[in-house]
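Labels run A, B, C, D, E and F following the written order; every chain starts at residue 1.
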């Protein structure tokens, strides 16, 4: 896989949140490398309330890591 | 997306909790950008006990991050 | 919403656990503000084993935050 | 409720794990105070693989808190 | 119950991971003490993809605790 | 089991994420040692949106541990 994670440092909290989104997607990509299959699953989870809540839970986990790595942008 | 997260600092624990709510909603918004679809899902999860518990779990995760960023408002 | 979270400090671990319960309930209240709907959901989740386990999981998350805020009442 | 959590300190890691079990049970008790209803739910979750895994997940969360409170019994 | 957790210290990260596995199993054992019932549940969860993922999630939680207790084997 | 986890240290954040993937897989392997059964489960979870989200959640947990072990590659 290409180099997609050079650093956990970001300039702003919002960029950190967006990096947490990316980490969450990468957790899926490593498990299901086919972009085609992932594309077909998108309408399933993106219209299911519980799936969206679960996604937000994964993001919150990764945001903990990114925020700590940036000393909470203090 | 507009600038929605300038800082993790809040004046009070309660504002910190409300920021955790916002972070949890943003985790959903980034995954399902359509406000219309999210609006349609609202009556589903907001009247389902397990969904509400899962939401509260995501909020608790984000509150950990916000609380740490504010040194627990000590 | 009224001022419901003036501080994360509590006098005892048990009060801290009870604050974690309150935080878990608030995560639900912000998402479903209708007390009437929440009241109707209560017999659903309070008699369902998995729901009760999920609730306890949310409480455990919030207790981590409260305990850290109180330096574990050392 | 009686005084059930005087301290997070324990003498040994194993007592700490057992305190984590107790905290997990208390998260349920506060939500479903009826011992009779909880007794009836016991055969449901204690014979269901996923429920048992979820319980162990709650315990692992609470054990993180208890272990940190005891400085990992170092 | 016999003395099964004398310490959270391990010599290597791998032994720490294996202790995390043990902690995850103990969370189940305390809740379902019957070895016979647990034996019967084994083919259920060990052949179910989601159950196995949930188990791995519990292990990851316990590994956080064990790794912290060992200062990450630095 | 062979020696598969000599250290939590990695050279880069991306290698750390890949180690988190490996830890997540190992949590499954210890529970279901049969490579044949795991191979048969792969098409189940790798094409199910919720399963993939759950996997990403486990990875996010393990990445927290690996990132802390590497002082966030600061």
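Convention: a residue touches a chain if its C-beta (ideal position, glycine included) is under 8 Å from a C-beta of that chain, and two chains touch if they have at least 3 such contacts.
Please read all numbers here as calculations on a predicted model, not as lab measurements.
Visitor: Which number of steps is the smallest that gets you from subunit E over to subunit F via touching chains?
Guide: The distance in steps between these two chains is 1.
Visitor: Going by C-alpha centroids, which chain is farthest from subunit A? Tell me that one.
Guide: D
Visitor: At the place where copies subunit D and subunit E touch, is the share of residue numbers found on both sides over half (same) or under half (different)?
Guide: Interface between subunit D and subunit E is built from largely different residues.
Visitor: Could you put a whole-Å number on the gap between the CA centroids of subunit A and subunit B?
Guide: 15
Visitor: State, to the nearest whole Å, the distance from the C-alpha centre of subunit D to the C-alpha centre of subunit F.
Guide: 27
Visitor: Using Cα averages as centroids, what's the distance between subunit A and subunit D in whole Å?
Guide: 31
Visitor: If I count partner chains per residue in subunit E, which residues reach a count of at least 2?
Guide: Touching at least two other chains: 45, 48, 50, 54-55, 57, 61, 64, 68.
Visitor: Based on the touch definition given at the start, go ahead and assign the chain network to line, ring, star, complete or other.
Guide: Graph shape, chains as nodes and touching pairs as edges: a ring.
Visitor: Could you give the sequence of chains met when travelling the ring from subunit A by way of subunit F?
Guide: In ring order, starting at subunit A and going to subunit F first, we get A, F, E, D, C, B.
Visitor: Could you pull out which subunit B residues touch subunit C in their complex?
Guide: So the residues of subunit B touching subunit C come out as 12-14, 17-18, 21, 45-50, 52-57, 59-61, 63-64, 67-68, 72-74.
Visitor: Quick check: in the complex, which residue numbers of subunit F touch subunit E?
Guide: Contact set of subunit F toward subunit E: 1, 3-9, 23-28, 30-32, 37, 41, 44-45, 48, 50-51, 54-55, 57-58, 61-62, 64-65, 68-69.
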